[in-house]
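Two complexes are shown next, each including chain A; its partner changes from chain B in the first to chain C in the second.
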Partner chain A sequence: MDTNKVILGIYNDPDHIYDTTKKLIHDGYRVRDVYSPFAIHGMDRVLGIKRSRLTVAAFCFAMTGIVLALTLQTYASYFDWQMNVGGKPSLHIPTYIPITFELAILCTAFGMVGCFFAVNKMVWGKNADIIDIRVTDDLFVVAIDIIPNKTDVAELSSILKNNGAIEIREREFED
Partner chain B sequence: MSYESPIRDLLVTGGKTYSDITKDITRPIENKPSKAWWLGFGLSSIVLAIWIFSTTYTMLVGLGAWGLNKTVGWAFDITNFVFWVGIGHAGTLISAVLLLFRQKWRMSINRSAEAMTIFAVLCAASFILSHMGRPWVAYWPIPLPNAFGSLWVNFNSPLVWDVFAISTYFSVSLVFWYVGLIPDIATVRDRATTKARKFWYGFFAMGWNGSTKVWHRYEVISLILAAISTPLVLSVHSIVSMDFATSLVPGWHTTIFPPYFVAGAIFSGFGMVLTLLVVAREVLNYKDYITSEHLDAMCRVVMLTGTLVGLAYITEFFVAAYSGVEYEQYAFLNRAFGPYGWSYWIMMGCNLVAPQVFWSKWARTTPWFIFIMSIIVNIGMWFERFVIIVTSLHRDFLPSSWSMYTPTIVEFSILLGSFGLFFFLFFLFMKFLPSINMSELKSIVKTKHALELEKHYTELLNNNHKMPQHAHETKGDSVHGH
Partner chain C sequence: MSHDTHIEIKEEKYTITDGNKKWSYGLMIVGLLLTILGYFTYHPSVEGMNLTADDLHHLVSKRFWGNLLVDSYFTFIIATCAIIFVVISQLANAAWYVAIRRIPEAMSTYMIIGAGLLLTIILVNFYVLHGGIYHWAHPGVMETDPLLAKKTWYLSQPFYLVRLVLFTAFWIFCAAQIRKNSRNEDLVGGVENFDKNFRISTVFLVVFGFTFSMFAWDLMMSVDAHWYSTIFTIYNFATGWVSALTVTYLLVWYLRGKGYLGIVTDEHQHDLGKFMFAFSVFWTYMWTAQFLLIWYANIPEEVVYYKERMFGSYQFNFYLNIVLNFVVPFFIFMMRDAKRNRKVGYFVGGAILIGHWNDCLLMVMPGAMDLPTAISEHNPTGSIEIPNQGIGFMEIGMLLFFAGLFLTVVLKGLTKANLYPTRHPFIYESAMHDVGV
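Up next is the complex of A and B:
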C-alpha cells in the first residue's frame, strides 16, 4: 500500500539520527529517506541502499573513450592520409597512448557525471523539493512513511522524541 | 561526527558548530565585500588590463614584439605556460590524491586549490594562444579533416598530445570542482534573502535536497573522479615535459623529465596555494578552518617536492657526466656557469636550498615566513623553466648560430598581466562562491553529542574502564572518531 504522507523527525546531531534510523528500521517502520547537510557515513547501509552502479557506467564510458581515440588516430593517420614526418611510422600504437588515455578520462568524467545528474533527476534550474530548508545548514531529517491503519503515529512520535528529535512534523509528498 | 588523527591536532578549531561553519563561510557571499577585497580586486583588474593590452599588441604586431630570434624561438611564452600549468597541479593533488589517501586536512583547502587549478590552466592556455602568433587559426591542432583546409594533425607529436592533455585537464577539473560545489551552492540557495541570489544559486544547485540516496551516489562519483584525476594530473605534466624530452636538444633530451616535471609542478602549486591561503585566512578570518596544522602539512609537501626536484637537477648533471657525451656535458656546464648561470643558481637556491628551512617546526607554522617562502618557491620554479628552455636553446648545434635572448617589455607585461588574470578570477571566486567546502568540513567537526560522549568516556577511563566506541563507529575506518 503506497502512501504519500510522512512523518519528519528533525535532529541536530548525526549520531542521534543514525541510531534512530537504525532502530526504526529494526522495528519495521518504512523509512523513506534521511536528509543531511553532509554524507553520514554508514547511513546508506542502514537504509539498505544498494551500491550505485555508476562505477559500471564509468567503466563503460572509459572503454568508449579508448575505442573512440584509437579509431580516430588510426583512421586519420593511417587509413585516411598518411604523412611522413621525420620518417616516423604512420601506424604506431605507442604514440597513440597519451591521447587514448586522455580521451578515456574525458569520456569517463563527463559520462559518469552526466549519469549522476540523470539518476538524481538533477538539472540546471530545477526547483528543489526541499524537505526542510535547514537541511543544507545544520539539521538532519528522517522521513518515515505513514501507512494507513498500520503506522501508530503516536508511538512513532514518541520513539523519535525519545531519541533526541528536536522537532516532529507531518508532511505530504507530491509523488 | 568527528575525526581525530593520532598525529595531528584538530583540523577545525574554535569549537565551531555546523551553523557556525555555514555562517562563516557564506559571510563573504552574503555581505558587501570588504575594503581589502576591493583593493585586491581593483589591483588585479589594473594588472589584467596590462595583460589585455600586451596580448592585443602582440596579436596586432606579431611575434616580432617579443625578443625571440632564430636560435631561441621558444622562451618566455613557453616558460610561462609550463609555469602556470605547474601551478594548477597542486589543486588536483589536494582534491584527488589526498582524497584517495584519506587525508582529512585537504577539506579546508581543496575548494580554493581547485579554483586555483582552473584559473591557472586558463592562464597557461592564454600563453599557448598568444605564442601561436596567429591565434585566429588556433583550431589547427584539433584533429579536423582535410576539407577544413589542412591535413590531419600529426598524432606522433607531443604538441598534439598536449592539446588533448590540457583541454582534458581543464574540463575534468572544472567538472570535479562543480560537482563538489553543488551541496554548498544549495546551502547558499537555502539561506538566500535576495531574489537574484535565490535564482542563480537555485539554478546551479540543480535541485539538490541532501537525500541520503543522492549523497551515496555523490560519494561514489567523487571517489571515481578522484581516481581518474590522479593519473590525469600525472599525465598532464608528463606530456608537457615530453614537449621537450622527445626532442634532440641536449638539456631537453632527458628520460627523467616526466617525474621531475610532476614533482616540480606539485612543488610550485603548493607554493601558490600557500601564497593564497596565508593571505585568505587573514583577510577572511578563516584561522579556525585553515589552521597552522594545515600550513604545516603543506610546508612538508613543499619541502619533499623541492628536495625531489633538487635531486632531479643533480641527477641530470650526473647523467651528463656519466654519459661521456661532450655535447650533453657542455649543455649542463653551460647551464651552471655560462652566460645564464645566474638564473641557474637562482633556481638551485630557491628550489633545493631554501625549502630545507621547513625542517624547522617554527618555519612550517609561522604564516609571514611561509608567505615569503612561497614567493621564493614560485620565483625558483619560474626560473627552472626559464633555465631549461633558454639555456638549452641558446647554444645551438652550430656555434655560428649561438645567440642570447633578452625578453622585451611586451613579454614582461604579458607575464605580469597573467597574474592579473589569475587574481581577478580568484577574487571573483572568493566573493561569489563558498571558498571552503562546507559540507565536507561539517563531517569532521565534533558534535555536542560526541563531545559529551568523550567527556563521559574519559571519566570512565579514569576509573580504569576500557573506552567503548559509539555503535556505528566501530566498523571500518575511524572517520567518526570517538
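Up next is the complex of A and C:
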C-alpha cells in the first residue's frame, strides 16, 4: 500500500453501491474495500476477491485432530496398557471412530477461530476500527485509495455523488 | 451475478433421442440376458454340506427374488425421495432448486411402476412361494418361533399388504398432485398452484416420515425378522435420499451437456454436489451408529446380522460399501472444483449410485439367501465361504435392467412438461442463484 488515505462514499442502497463499485473498478480506481451490513450478491466477483484459503486450513486442522486422536487411543489402549473389555480385540478400531470424529471437529473449530483472529489481527483489548459506525446498521460504504499525484479527488467525488452517494468524506488508516 | 446478466426464461421441452432409446433398451436387454445367464449358472456347493436338488432350487429362486426386491426397492426409494426433495425444498421456501425442479418431478413418475413391482414381488413371495425370501412368512414359522411371537400382530400377511398398498398409493397420489399443480403453474402463473403444493407438501412430509419407517421395516428389515435396529429407517432414508440427489445431479449434467436447461449454471450443480457430499456423510453417520452399537454390545441376536455380512460370502460387499459410499464422495467431493466438474461429477455420482445399490444388496441378500453360515458340525467356526455369492451375473444383470427401465420412464417423464417451470414465483431468483467465490 503506497497510501493510507481513502475516500469514503456512503450509500443507502445496495444496488447503487454495486453499480458504483463496478464503474470505479472499470475506470481504474483502486477500491480498497466495500463495507456492508449484509452480503451483496456478486460483489465478491466485482471486487475480484480471491477464494478463501480457510478451507485448506480447516482440512489441515482436521487432520491434526485425527492424528492426535488415533495416536492417543492406540497408545493408551494397545501399546501402554491393554485391557480386555467384553472380549474385544485390544486394537478395537471401531470404537475409535466417535473420539476421532469429535477431536477432528474440535481441532477444526478451534483452529479456524484462531485463524480468524490472526488474519483479522484481533487481540484481546484491541478496539474495533469500524470504517463508519453506520455500516453496522443500514448504510453501505465504498473505500477508494487516494494515490498521491494520481487520484483526482474532485472527479472521484463527482462520480460518487452522481451514482447516489448520500455522503462523501476522507479518512486515514493508521497502518 | 445478479445485477447484469440477462435472464431469458424459455419454454424448453425434452425430446427423446435415438441414442437414449438405444441405451435404455440396450441396458434392459443386456440386463435380462445376464439375469437369465446368472439364473442358470448359479450352482452353490460346499464340501461336506449336502445340498439336495430341492435346496438348490430354493437357493436359485431366493437369489432371483432377493435381487428383484433389492433393485425394485432401490429404484422405488430413489423415485420417492426425489419427490421428497421437491417437497422439502417447497416447504423451506427454497428458491435455488426451482430451475432443476422438473427433474426430480420426472423421476417421481417411476413411483407407480416401482410400487407395482414391489407389490408383485410380495404377492408372489407370500402366496406362490409360501414365504420365499421372507422367512417369517413361511407357513408355521410365526406360531413356533419364540423370538417372533411378540411380532405376530405386526407381521401378518394381510396387514402387511394393506400397509404396503395404502402407503405407496398415498405417496403416488401426493406426487401426482404436486406434478399436476406444477405443470398447471406454467399455464396460468400466479401463486395459487404454489400455495396448493405447499399444503400438499405439508401433509405429505408428515405422513411420509411415519409411513416410510414402516415401509422400510416391512420390505427390508423383515427379511431378517429376528433382528431389529431402531435406526434402520433413517439409514434407509439416507440411502434413498442421497441416491435421489445423485441421480438428479447426473441428469442435470447430462441435460446441460445436451444444451438444455439454459438457466441452470454451475452454481446449481455445486449446491447439488454439496448435498451429495453432506448426505454421504450423513449416511455414514447412520451406518456407523447402527454398526458400532451392535458391534460393541455384542448381543448374539443382533451380532448375527453383521456376522453374515462381515465374514464369509459378503465380505467384499461389506467393505466396498464403505469405500464407495464414504471414502470416494468424502475425499473427492470435499473439493469445490470437483463438484463443479462434469467428469469428476460423473465418476463420484456413479460411485455413489453403485455404492448404495450395493448397500441395499447387503441389507437383503444375506438374509434372503439364508445360507447355512451358522455354526454346525460342517462349519465349526460359522465362517465357511460359500462360493458364487456376492455380486454375480444375476446381480449385475438385474442392476442393468433396472437402470434401463428407470431411464426409460424418467426420460419419458421429462418430455411431459417444460424442463424448468417458466412461471414459478421463484424462477428468477433461482436463475440468479450464486454461491459466491
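Note that in this section the second predicted complex is superposed on the first by the 173 of 175 C-alpha atoms of A that agree within 3 Å, B and C clash if a C-alpha of one lies under 4 Å from a C-alpha of the other, contacts with A are read in each partner's own complex, and residues count from 1 in each chain.
Just so it is clear, contacts are C-beta pairs under 8 Å (C-beta built on N, C-alpha and C of every residue); 3 or more make two chains touch, one makes a residue touch a chain.
Keep in mind it's a predicted model, so treat the numbers as computed, not measured.
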| item | value |
| --- | --- |
| Clash or fit, chain B versus chain C on superposed chain A | clash |
| Greater chain A contact set [chain C / chain B] | B |
| Contacts of A:Ile25 with chain B and chain C, given as first, second, both or neither | neither |
| Contacts of A:Leu68 with chain B and chain C, given as first, second, both or neither | neither |
| Touched partner set for A:Asp137, first chain B, second chain C, both or neither | first |
| Touched partner set for A:Thr95, first chain B, second chain C, both or neither | both |
| Partner chain(s) touched by A:Gly87 [first = chain B, second = chain C, both, neither] | second |
| Of the stretches 1-9, 55-63, 343-351 or 361-369 belonging to chain C, the one that collides with chain B | 1-9 |
| Footprint overlap on chain A, comparing chain B with chain C | 15, 18-19, 22, 39, 41-42, 44, 49, 51-52, 55, 88, 95, 98 |
| Chain B residues within the chain A interface of the complex | 1, 17-19, 22, 143, 145-146, 151-158, 160-161, 164-165, 168, 171-172, 175-176, 179, 182-183, 186-187, 189-191, 202-221, 224-225, 228-229, 231-232, 235, 239, 242, 438-440, 442-443, 447-450, 470-472, 475-476, 479-480 |
| Interface residues, chain A side, partner chain B - complex | 13-16, 18-19, 22, 33-44, 46-47, 49, 51-52, 54-55, 58, 62, 72-73, 76-77, 80-81, 83, 85, 88, 92, 95-96, 98-99, 101-103, 105-106, 108-110, 112-113, 116-117, 119-131, 133-138 |
| Touch list for chain A against partner chain C, complex | 15, 18-19, 22, 39, 41-42, 44-45, 49-52, 55, 59, 86-88, 94-95, 97-98 |
| Residues of chain C defined as touching chain A within the complex | 1-4, 288, 291-292, 295-296, 298, 334, 336, 432, 434, 436-437 |
